[in-house]
Structure formats: C-alpha cells, structure tokens
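Chain nomenclature is as follows: A, B, C and D, assigned in order of appearance, with residue numbering initiated at 1 for each chain independently.
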Amino acid sequence: MSLPVGALPLEAAPIPAFVALFAPAVAALVLAAAPALRRRGAPASWVTLTASLLATAAAVTLLVTQLREGGSHVWMASWLQINGAGVGDFGVRLDGVSATMLLVVCVVATCVQVFSLGYMHDEKPPAFGRYFAYHALFLFSMNLLVLAPDLLQLFAGWELVGATSYLLIGFYYQKPSAGQAALKAFWITKLADMGFLMALMVLYKTTGTFRWDAAVTAATATTVSGLLFFAVVGKSAQFPLHIWLPDAMEGPTPVSALLHAATMVAAGVFLIVRANPLFAHAPATRDVMLLVGSGTALFAACLALVQTDIKKVLAYSTCSQLGYMVAALGAGSVFGGFFHLATHAFFKALLFLAAGSVIHAVHSNELADMGGLRRRMPVTATTFIIGAMSLAGIPGLAGFFSKDLVLASVEGRYGWVPFGALMATAFLTAFYMGRVVFLAFFGEARGHAGHAHESGGSLLVPLLVLTVPSVALGWVAAPLAHLSGATYELHLVGVVPILAASLGLGGFALAWVVYGRGTLVVSALAPLERLVATRAVNRVYEVGYRRVLLVVADVLGWIDRYLIDGLMNFLGWSAVAGGRALRRVQTGNAQDYVFAVVLGAIALAAWGLLP
Amino acid sequence: MTLSTSILLAAAMFSVGVYGLLTRRHAVAILLSVELMANAANLSFVAFSHFRGGATGQLFALFALAITVAEVAVGLALVLLLYRTYGDTRTDAAKELRG
Amino acid sequence: MIAALLPVIVAAPAVAALILLAIPSRYAIATRVVSMAGATVSFAGSVLAAVHYDRHVGGLQMPFDLPLIPSLGVHLSLAIDGWGVSLVLLTGVIIFAAVLASFTVQRRDKEFFIYLLVLVSGVFGVFVCQDLLIFFLFYEIAVLPMYLLIGIWGSSNVVPEAGPFRFVWKIFDVGGREYAAMKLTVMLLLGSAAILVSIFVLYQGAGATTFNLGVLGAVPYARTTQIIVFPLLWMGFGSLGGVFPFHTWSPDGHAAAPTAVSMLHAGVLMKLGAFGVIRIGMMLLPVGAAYWAPTVGAVAVVNILYGAMCAMSQKDLKYIVAYSSVSHMGVVMLGAATLNATGWNGAIFQMFAHGVMTALLFSLVGLVYERAHTRIIAKMGGFGTIMPGVATFFTLAMLSSLGLPGTAGFAAELMVFLGAWHGSHAWWTIPAILGAFVTAIYVLRASRAIFWGPGPSEHFHDLYDARGVEWAAPIVLAVAIVVFGVWPRLLLDLIDPATIEYLRDFASAIVRQP
Amino acid sequence: MTFDTLRPLVLPLAVTAAALVVLLADLALPPNSARRGKVLGGLTVALLSGVLVASFVVDTSGLAAHGAYVGNAWTTFFARLFLVAGALGVLGAMEHLEAHAPRRQGEYYTLLLFSIVGMMIVPGARDLLLLVVAFELMGIPLYILAAYAKTDAAKTRKVSDPARAFDAAEAAKAPHAPAAEAAIKLYLVGATSTAITLFGLSLVVGMAGTTRLAGLFGAETPAPITVVGMMLVLAGLSFKIGVVPFHMWVPDTYEGAPTPFVAFLSVAPKAGGIAALVVVFLLGTGGHPGHWTLAIAVLAAASMTIGNLLALPQTDVRRLLGFSGVAQMGYVLLAIATGNAEGLSTAAFYLAAYVFSNMGAFLVLHAVAADGGTHDLAGLAGLSRRSPFLGLSLLAFLLSLAGIPFMIGFWAKLFIFLAAYRAGLVGLVVLGSVLAVVGLFYYLQVARAAYMVEPTQAAAPRVGGALRAAILLCLLAAAGLGLWPAPLHESASEAGASLSNSLSTGTPAPVSPGDDSQ
C-alpha cells in the first residue's frame, strides 16, 4: 500500500505537532496516574493549563508555518498489523484545515480552562482536579481528531471526545438529571457512531485503507458519506438526533462552552470538511445534508425562542448554527461551512462563558432570575452582547461574514426553500438572542440578580480574549480560505448580505420591542411553548428505549433463564429423576434380584437363539 | 431315552428349580431349588457323556457336585445366620438394604 | 534456559501449589508469598516469552518435548507461536492480578490458592501445548478445579426471582453457588465428551501414530469427516467459549464464583474454548470449518446481540458482567468465523482485550461486593462518592467493554468487524455492531446505577474505597487495557505472523480439499 | 510331574502356601495375644508382597498341567493386580478386624488368600474344569467374608457414642449394617449364577465333548444349543462382574458387608470375573465374533446407563460406589467387546486403575466411618477440613473414578474409549463419554460433601497406621501412574498382546492325557 504524497514516517514529524497532540495526553496521563496530585485540585489545573498553553503555542506555530509554506504533510505509523501489512494510520496530518481547526480548538479550550479556574473554584479539590483531568483528556482527544491523517484516527478521536463529553456532562454525577443527560448524550451519539463504524468498514473493504482521499467509486462515496453523515447528525446534534444537546447543558457551563458549543459538536462539521473528497462525489448525500441542515437550523431556532433557561437557548442556538454549517457543506461550500464553524466556535464559546459568568453571579440558569445585569456586570454584559450580535449576523462582526457565506452558498437551491429557511432562521436568531439580552441584561433585576457582582479576573479575561475573534475573525476570511484551498472575496454589497443584515437588525429590534420595552406581548409563541412542552421527539426515543429495547431485553432474559437454561436444567433433572424411578426396581428382596438374574439369563439365551 | 429327551428332562428339571427359586420364600427351599438347578446341569453332563461317549461329562459332574456341596454348606450357614439375625428363615425378612 | 521457559511457565503454578500443600494452613503470609511467587514466575516467564519470541522468524519457538506414552504417540510437547504468546501473556497478567485480588480471601485460603494455581497451570498448558491429547488433558485440568473454587468460596444469587415460574428456581436452587458449580462442570464436561470423541476421529484418521498438532494439521481428512467432526469440536469447545445456546453455565457460574475465579474464568478460561475452536477445530479441520463458518458466524452474532440484550435485563451486577462476557465471546467467535486475517487477528486480540477487561470488571465487582454485601443493582447507587477509585477503574473497564478507542476493546472489535465485513457474510456485521451499541447502553446504565446519583443510603455508609494491595490488580489490568489499546501493535506484531501462517495452511488445505 | 510343569502356577501355589502359613500362625498364636492382629496381618501382607516381588523375578510363562493352564504376561499382570489388591485389602482391614473380631482374624486372612488363589488361576485357565473350580474357589470364600461381620449388626444399630455420631436421630434411622442380609443376597444371586453357569457349561461341554477351551468350537458355526449354553455361561459369569441385570446384589452387599472387605470385593473379584469372561469368550470361542460380542456390548451399554443413573440419587456412599462400580464394569465390558489385543490391554489397564481408585475410595470411607462416623454423604461432611489427608485422597480417588486428567482413571477411560472407537463401537463411545459426565455428577456430590458442607465435628477421624498406609499407597499409585502412565500402559499392552497372541496363533492343541512333554 502506497503512502499518499508527502507522507513521512512518524519520527520526522515536527515537534509542534507532537506537542499539540501529546502535551494534553501527558497531562491526562499524569493526572490519571498520580491521584495524589489530582485530588489536590489546584496543581491539577496547572498541569492541564500548562499543557493547553503549550498546545496553543504549538498550534500558533503550526498555523504560521502553514500560512508561510502551505502544503499538506502527513507523518504517520501503522496502527494495526494485518496480514503482514500495516493498516490504519496513526500520526498527524498538517494542512490548512487541520492547522486552523487546531488553533481554534486550542484557543477556545485554553480560554475555557482559564475561565474554569474561577468558575469551578468552589468545587472540592478532588472534583476540581478530576475536572481538569477530563479537560486534558478532552483536548488530547480533540487534537487527535483534528490532526488525524485518516478516518480511523479521526474516529478514535471522535469516540474519545464523546466519552469525555459523557464524563463532563456527568461531572455532577450526584445529580440524577446530570447522569441521565450524560447517558442520553452518549447513547445517542454512540448510535450515530455506528454509522461511522460502518463507513470505516465499507471504506476498508473497497480501498484497504481508511483514507478519505482514497479513490472510490461514486456508489462507495455515496454509501460512505451517507454513513458518515449519519454519525454527523448525532455528533453535531442535527434533527432528529439533536435531543441530547439541550440536556447536555447539565454539565458545568464552561464544558457546555467548550464541548457542546465550540468544538466537539463541530467535530461533525469538521469531519465533513475533512472527508470532502468523499462527499464531493456524493451529490445525494449533499442534498440530504442541505435539507437536514437547513431544517435543523429553522427548527432549533424555533425551539430556542421559548426556552427559559439561558443555556438551553444557547444550546438550541448551537443546533441551529450547526444546521447552517451542515447546510453550507451540503450546498457544496466547504469553506462556508468551515468558516462558520470557526467563527461560531469563538462567539458561541464567548456567549456560553458570558452566560456562565452570569450564572456564577446569580446562581441560576433561568432568565426569570436575571435582569438588569448590564449595570451590575458591565464587562460580562458587553461581551455577551457582542457575542450575541456576532451570532445574529450584525454587519462587521465575525458572524455576519460567515453567515453571509453560508446563505450565499444555498442561494437558489431546491426552489429557495433552504435559503428561505436559513433566512428565517437568521431573523429568529437575532430575535431570540435579543430576547436573552433584553431579559438578562436590561430591565429590572429579578431574584438574585439584584445582588449580582461582576465576576473576577479569571472569568473576564477569557471573555475579553474571545471577544477579539468574535468581532474580527471575519476580516481575515481571505487568508483562512486560502489555507483551506478555497477563495474568498469580501462583498458587503449585495442582496443576500443586505437582506441578512436587515433581518438580523430587525430581529433585534423586534426583541427590543417585545422584551426590552415590553410594549408588545407575543402571544403567538404560546402554541409553540405548548408544542415544546410535549417533548414529542424525546418521547419517541423514550418509547424506543423503555417500551421496546428494555422490554425486548426482559423477554430475552426470560427466555434465556427459563427456556434455554430451563432445557439444561430439565435434562439434568430428568437424569436424576430417571435414577430415582429406577431405584424402585431395587426392592431389597433377594428373590427379586434372583428374578432379574434369571430374566437376564433367559434374555441372553433367547438372544443366542436368534438367527 | 435319547440324548434329546435327557436334555429336555434336564431343562425341565432346571426350570422346576428356577420356578422354585422364584416362588418359595423359605431360604432352605430356595437352596433346594438351586440344588435342583445344579443337578439338572449334572444330569445334562452325564447324559451327554453317556450318549456321546467320553468321560469328560462325568468328570465334570463330579466336580460340579463337589462345588455345589461346598456352596450349599456355606448357604446353610448363611441361612442359620439369617435366622439368628432376624428370627426368620424367609429371605424377604431381610430387605433393609434397598433402593 | 529459554528452552525450559515453557515448562517453567506451565509448571510454576503447579509447583507452588505443591509447596502450598506442605505449608500448614495457619501461615497465611507464607501461603500468599508462595502463591504470589508461583504467579510471578509465570507472569515474568510469559513476559520473557513475549520479549524473546522472534517475530521475524515466526512459527513455533522454544520447543520442549517429553514422550509420555510413546507407544500411542503421546508427547508432552510444548512450543509457542504468536497466538500462544499473546494468550500466555494474558494468562500471566490475569493470574498475577487474580492472586493479588485473592489476598483478601479469609476462609480456607490455602486450599483456595492451591486450586487456583492448579487451574492456571492447566490454562498455560493449553496455550503452549502442541499435542492434541495433552491439550485435552490440560483443558480438563483448567476446567475442573472450578467446581471446588465456586462451590466452596462462591456466593449465591441474592436476587429473588419473581413471576409465576419462580418455583422452578426453588427446585434447582438456581443461582446457588453449588448449583452453579455443578452446572458449570457438567456442561463443560459434556463439551469435553464431544471433544474426546473428535480427538479419536482425528487421531485415528491420521494413522494413529501421533497426536502432534502440526502433523494432524497436515492430514487431509475426508470431507465428510470434517463436516461431521467440526461441529462436535465447535460445540465441545464452544460450551466453554460461551457459544449460544451452551452459554447458560456462564452467568450462573461467573456470578457465583469468587472474585479471582470470575476473573480467571471469564478472563482466561472462556478463551480456552474459543482458542480450541480455532486452533483445533479450524486448523485441523479446515474444510469442515469452511463449511460451517456461516453457521459459526451466525451463532456468534446471536451471541453478541442476545448476550447484550440479556445483560440489559439483569438485576444482579455480576450477571450483567457475565452476560457481557457471553456477548463479547461472540465477537471472538465472529472473528474466528470470518476465516480471514483481519478477523483472526481480531479474534485473538479480542481474547486478550476481553480477558483483561472482564478480569478488571470482575475484580472491581468483587471489591464492591465485599463491601456492600449485595450485588443487586437496585440497592446500590452513589457509590462513586465514597469509592472514587473503584468508580474510575470501573468506568474504564466499561468503556473498554463498549469498545472505546484507546482501550484494548476497540482495536479488537474493529478488526473483527472489519474482518466480518470483508468476509463472505457481510450481513453479520450489522447485528454485531448493533450489539456493540446495546453494550454501550447496558454497561453505562449499570455504571450509573452503581456509582452515580446522590450519595449512598444509610445502609452503605461504611463503604470505603479500595485499599493497599487491593489497588494492585485493577492497576495492572487497567495499564494492560490502555497500553494495548493505545498501541495494539505491541501484540499484533506477534499475532499477525502466526495468523499469516495459519491462514496459509488453512487456504492451502481448502484448495487441495479431497 | 516335575516342578517345571508347575512353574507357571508358582504364584498361586505360593499364595496357597501363604494361606496355610497364616492358618498355622493363627493356630500357633495365643488367642488373647494383643499383638495377634498385627502379626497375622503383617504376615499376610509380607507374604503377599513377597509373592508380588517374586512375580517380577520368576518367569511364569509356559504351559502347566497338561496345558490346562497357560502362564504369560496376561496372567502375571492379573496375578500382580490381585496380589496388590489383596495386600491393600489386608492393610485396610487390619485395624478393623482387631477391633471387631480379634479372635477370628486368621480365618479372614486365610479365606482372603484362598480367594486370591482362585483369582490368580482364572486368567490362565485353558480348561473349563479348571476355570470353574478356580472361579468357585474365588467365590465361595467371599460369601463367608461378606457375612464375616455377623455380630456387627447389633453394634452398629445402637450408636455407641452419640457425641461422635453425625446426628443421633439420623444415625438411629440410618440402615444398620446387616451383614447377614448382605451375605445372603450375595450368596443367593451367586448360587443361582453358579447353577446357571453349570447348566450352560453342561450344554457347551456336552456338545464339544471336551473341556479344553481350544476345542470348544470347530471352524463351523456353533450349534444353537451350544450358543444357548454360552449365553447361559455369560449370564452366570456376569454376576461376578456385577453388570446389569445381574448387578442387584452389588449395592446391597456393599452396604451391608464390612467396608474393608467391600474395598476388596469391589475390585479383585470383578477383575477375576472379567478375566474369566475373557478366557471363555475370546479363547473359548476362538475369537468368533458372534452373538456374544454384541451381547457383551449390550450388557456394557446397559451397565453404563443403569449404573450411572442409579448412582445419581444415592446418599449412602457405599451404594453410590456400588452403582458406580456397575457402570465402571460397563466400561470394561466395552473394552472386552472390542475383542482385540488393544481392547484387552485397556481392560487390564482399567482394572488396575480401578483397583487403586475404588479401593482407595472405600478405604477412605471406612476410615471416616470407623471412627464413629457414617457411610453416607452426611458422614463425610467437611472431611477436607477435619482431615486434609483423607479429604485430598478422597477427592483424588473420586476424580480418578470419574476419569479426570492426571489421575490414573483418566488414562483408563481414555484408553478404553480409544480402543472402542478404533474397533468401531462409536455409538458406545459416545454413550460412555456422555455417561461419564453423569458419573462425574455424583462423584462430585461426594466431593461436595467432603469439601463444601460444613463439618459437624472438628476432630479428624482417628485412622490406624495400616489403613493410612493403604490409603497412601492407593493415592500414590493413582496419582503417580496418572502423571506417568507409560509403565503401566506398557505392561498392560504386553499382557493384552500375550493373550491375543495365544489367540491368533491358536492355543496349543488339546494335549492328550499323559503327555508330559510340555
């Protein structure tokens, strides 16, 4: 099997790549192997943070190198040995996409970890240490995924981030709801991952490798990409497998920021970007992606309208934005999807962290317990509003550029239906973000909000850091596009950008009218609230789990114990029963014994007389 | 009297012995029945010897007699023991060992 | 010195057992030291064998031969190949951990160690033996002590049966340790009966001069013979390998067994069965194997899915782990049935992976049981707060069980699934993968029910985390899971050359089939 | 008649002499001497061991008594087997006799020795007359020995020391040991069998006109009446082996007779019976695979099945071992049914293995019961903790009987199955190996009692030195030969081959009386 162009043995990989991959791994190992260190709390956080900073520095170096030199390089070793040949690549693949993604991941992760220093400060030291150990493991897994030279390693990273997500959602494992949410998240993504596994098998059977750039027929490409997309639907929380993401908000807020907004859920999108050679040959899959993506975007945005929990609003918003990305990729705009991923990672992380800051201050997730925080927490409020505007696509902010790109890419497809949906979503996005902003930061303080204080430095610094890309990333779209092998032209004037911008502004305006001024009560949302309260999609899964899976399991368990095992027991019992029955022949009367002898003799003699 | 009638006689005698063996309760009667069976064998030995020539059968019958005598001697001792233990000489008195 | 390595590995535990016989039972420490020494010698020997095995040369190495009954051609002949090395290593790791985990045995500890060590000698013997009859002999040795180990030191099922048929339970004392021990023994020995008959056929068919596996492997048995005998071997060995429907001893047996015994039994002994199917059944009867492979594969898939579903319905922690073994052994058998290198590598690797993983699970379940005195999941909850270490290891084992990358379980299942998809019956893969998904459901469900949730009830306030030497077994096993999970080539480089050789022989036998 | 013509018979003759020596010593010793038992028992064991040693020194091959007796490896093998069984039986019984019948010990040993003489002649007999006499010499002392404990009944009935009894109430209900009943059952079935044998023989011998085995059948198909005769002989001989349906005395006698005697009764006479069967049906029929081969196979199947099934529900270990013995003899018949040298050698091997395993098991049982215990499963409760030695030995013997590796019994079963398989008796092999698992089930029930049930008393049973030595010897043999079966296997093969040779080359033609050339 020949290695792809530019493949180098693992030993020759540049040191930064190693650092980015293994610094968090070492941190995770150290924290796993040294419980004394971990259980002390603070030292654990420093171990993880050091690793993250190292990884970030490495990522910067790698990106700079990429910007300067470009090209794509693979350093790897075979992970399996089958029939005398190496199978599966373990190593790093460096190109524009992975370098960009690596930087996004590392920066957001570092910010989140710094934020966590303050946010999780009240945890007991062992829990604090455990939290940071998980973070180190997560960063390793995510980098493993990002740097993967083939789909096998990507899958490994994919599964590992899933497991870390499970651990982090269930971080407050004593809370039953957290446990439930962790299981739900893991099960649903795991179900979707079966698609990934199948894709690996199909790919391996036809090409003997797990590379996404292997030459395949259109049929194989469609199968593989379709299966991969199924995995993406789970991981990136697309309809109908999106239900785990809102529940995942049970985890600590920084975790929601990092895993369930910025990076892990975006892994699905990243996968499509990576495996573009496969998807490019599969128009059918792309069509499905377009429809699912735009549908999810609109659907989730509607759900976000009526959430009362600030994190849930953001969670549905994440679903919705991921729908944007998927739709863009479905429309064939790889860079559009990827760019939105990058901007979204920053502003959504920012939003979540700012929300975390708020929650930290008011000790509640409910919007009803907030209000008027703009004066009490000015920095948090400002950064949140900037993030919200970026998300809503206010011109000039990062979100505007990427959203514009997405919208442009779906223009005219399927009789403008996806376009319409995404446009509507843009409006709704602005509206629900406006709702949050006005409910939380404006108006009268409710509940604890009156006593809230601005958070400390370790919470605010990450916010400020993340504000920068949330605002400015749009202006460096061109070099990023170049890195990904695409071209990007900035066009601010056109039907789409202007429409999108005005919809965004309109959404905010409407939100101000409804929630800021309170002059208009939107009774139209009432049916939607009722609809959401039915949890219809969730019910389907619950029935599948409780009424089908568990019942079938119980029936099979019964069959195993009573029929299959029962048969074995019956055989054993019948032998003993046979022995018992035969015992009666042994009467104890000597004459009967003699009788048996005589009978035996007669039988034998008769046998002898037979011809 | 031919060989076959002698053998048939022996067989009949043997059968009578078997019948007695199976139906009599008294240990001594049973011993007698066994003796009848053994003597049926002796009769057959001698009959063969008589009709077919050669002394083998007669020789064998002598040995067989000696053996059965030894056996019966032991048997009677056992009957005595039976009586002493159970106060009865019917074999079905001793049926504690079973199952 | 290397020439004597295999006999040393095999004999060390038995010798330790003999020494134990001479030590008065009141010397608890000496008992443990001697047992540990026996286990350590074997463990070190197996590591040495793995290091020393020359994988570039391949084939059977470190031969040892002792004619036992020359007139029949019975030789105590030991040699090792890549498969053997992996499985000997597995056994070494597990007996090492199992002896450590048994340090807490209080009642009749000397006897316990004696049986445990004798059993392990048998296991080692099977993996390195190159003589069919001696193979069988060691196989029996490995199976038999289980009766006493479970019957004396086992625990009885405490989940009360419900439903209209519970009287059946009363009749048989189902779930009782003696019931479990007897059922296990009888079912496995029924399997042995089938194996014995098959051995006769093979021996006689080869001219009745030798039992050497290499020689027998080269004998082209008639097609009919192969087709008749292979299922006998499959079912015979399969009864130990947990093949449906001969698996029912396994839940009761594993559940009733004491910790170390469960570890050994699920960790190593079930592998003996699967190894027997592959090494004896498939290698000696290739045509029969090829003929029956679809059936073997289909039953393996049933094992995977059915075992997983049954595990989900269990209320007793040990039963869950036991049924998960049934399910995972299905993966091994599925790999075997693929008849290709990927699947076979996967099967052998899965033997290792599942061995280590399930041993870890059982050692932890043992720890929990020792403290909580219950195995009923419904009664547990929130143990994570007070036994965080156990919870962590348990989570690791569970994640390996569901095939998380980075744990040994992943590489194994991946290869098996790849092999199955590559094979002639690709459809097997789909239910098998579904089974893997169901595994994810039941293992995490159990893990959550035990360790998560609000702190434990009053009843369990005096629980405590693992202590001192109790850590040793989980650590050893967890390290094995992670090391071989992260870099499976450590083993695959040993397994693969052997697989290639076997596969070559297999393929040529199919080609020149009568 | 020179000594040379008797040389093949030197071993049985030596044992006869030994019996007379013991008889005289018994008369010579003062009746109330305390050391009487030790001297007599020791003497017997010493003499038997001497003969055993002699069997390795003296060449006993050749014809004796005008060809009525043939000595070869087969007879030597069996002679040693009987000598070992006898010695072990005496060792095991010594303390028991001393305690229960101090004044009748001489009789016991003498009778035992006479029985052994009979046994030793049977395998080499080539003349029906000699065979019948030897067979009866073997059998008649056994009737007496079975009734030997005639006074035991009363003793066992009332438990002397309730504190040492397992459970006073249980013990009161437990069947006491009615030696009379045991003996009378053995006797009645035995006498009937003798009569049947004699009647059968009268037909066979009458038709053939000779008592020499070699002359019983010509080349032509035997007449129906001869066949009937042979079948009756088969029925008669089967009693001694205790195969179904001639087995019913077995458990009752085992339960009622004194256990040390049962230890001997359960192995040696069975081997003698098998030897007689082999002589009559392989040599006598000139190897005609006729009805009898099939009949023997049917008996084997019936014994294996019924014996194993009936052993399952037993709680008295003596009965359990009795039924298991029925099954074990089924396995031996399986070997005989092959009718070839390999089958014969495996049968010989099996019998040797059976001697050690079964005697050992009975002796352990006796050791437990002798010290105030009982013979049932409850009596064994916790044995492994009361006495690790007895527990381990019992386990070893049980595993050997069940055919588990590294015990001699494993090889025995293996060889038999292999031989049977090679002779084409595949169905019986399958049946046998499945039933072996059933066998394991009940053997493990015994092991369960010894290992898993909590002991009801802590003290180890007091075991006399001789009994302990006997158990140890059995254990060493069962385990040692299990680890290294080659020597026994070689010698059994040789034995089987020598018998088979004399079959294929034809036994020497019937020698006319007065011809002393051989």
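Please note the rule applied: a contact is a pair of C-beta atoms (placed from the backbone, for glycine too) under 8 Å apart; a residue touches a chain by one contact, two chains touch by 3 or more.
On a predicted model such as this, the values are computed, not experimentally measured, just so you know.
Chemist: Compute per-chain Cα centres, compare each with the mean of all protein Cα atoms, and return the closest chain.
Modeler: That would be chain C.
Chemist: Could you quickly compare C-D and A-C and let me know which has more C-beta contacts?
Modeler: Higher C-beta contact count between the two pairs: A-C.
Chemist: Roughly how far is subunit C from subunit D, centre to centre by C-alpha average, rounded to an integer in Å?
Modeler: 42
Chemist: Would you kindly tell me how far, in whole Å, the mean C-alpha position of subunit C lies from that of subunit A?
Modeler: 36
Chemist: Quick one: report the Å distance separating subunit A from subunit B, using the average Cα coordinate of each chain.
Modeler: 96
Chemist: How many angstrom between the C-alpha centroids of subunit C and subunit B?
Modeler: Result: the chain centres lie 64 Å from each other.
Chemist: Would you give the residues of subunit B that are in contact with at least 2 other chains, written as numbers and ranges?
Modeler: 21, 30, 91, 94-99 - these are the residues of subunit B that touch more than one other chain.
Chemist: In subunit A, what residues contact two or more other chains?
Modeler: 572, 583, 586, 588, 590-591, 594, 598
Chemist: For subunit C, jot down the residues that touch at least 2 other chains.
Modeler: Subunit C, residues with two or more chain partners: 186.
Chemist: Okay, what are all the chain pairs that touch?
Modeler: According to the stated criterion, the contacting chain pairs are A-B, A-C, A-D, B-D, C-D.
Chemist: Mind listing the subunit B positions that touch subunit A in their complex?
Modeler: 18, 21-22, 25, 30, 91-92, 94-99
Chemist: In the complex formed with subunit B, which residues of subunit A make contact?
Modeler: 583-584, 586-591, 594-595, 598
Chemist: Could you please specify the touching residues of subunit A with respect to subunit D in the complex?
Modeler: Against subunit D, subunit A makes touches at 572, 575-576, 578-580, 582-583, 585-586, 588, 590-594, 596-601, 604-605, 607-610.
Chemist: Would you mind writing out the residues of subunit A in touch with subunit C in their complex?
Modeler: It comes out as residues 35, 78-84, 87, 126, 152, 155-157, 159-160, 163, 166-167, 170, 173-176, 179, 182-183, 186-187, 190-191, 194, 197-198, 200-202, 204-205, 549-550, 552-554, 556-558, 560-562, 564-569, 572-573.
Chemist: Using the touch definition up top, name the residues of subunit D that touch subunit C in the complex.
Modeler: Listed in rising order, the residues are 384-385, 388, 392, 399, 404-406, 410, 414, 417-418, 421-422, 426, 429-430, 433-434, 436-437, 440-441, 444, 447-448, 451-452, 484-486, 489-490, 493.
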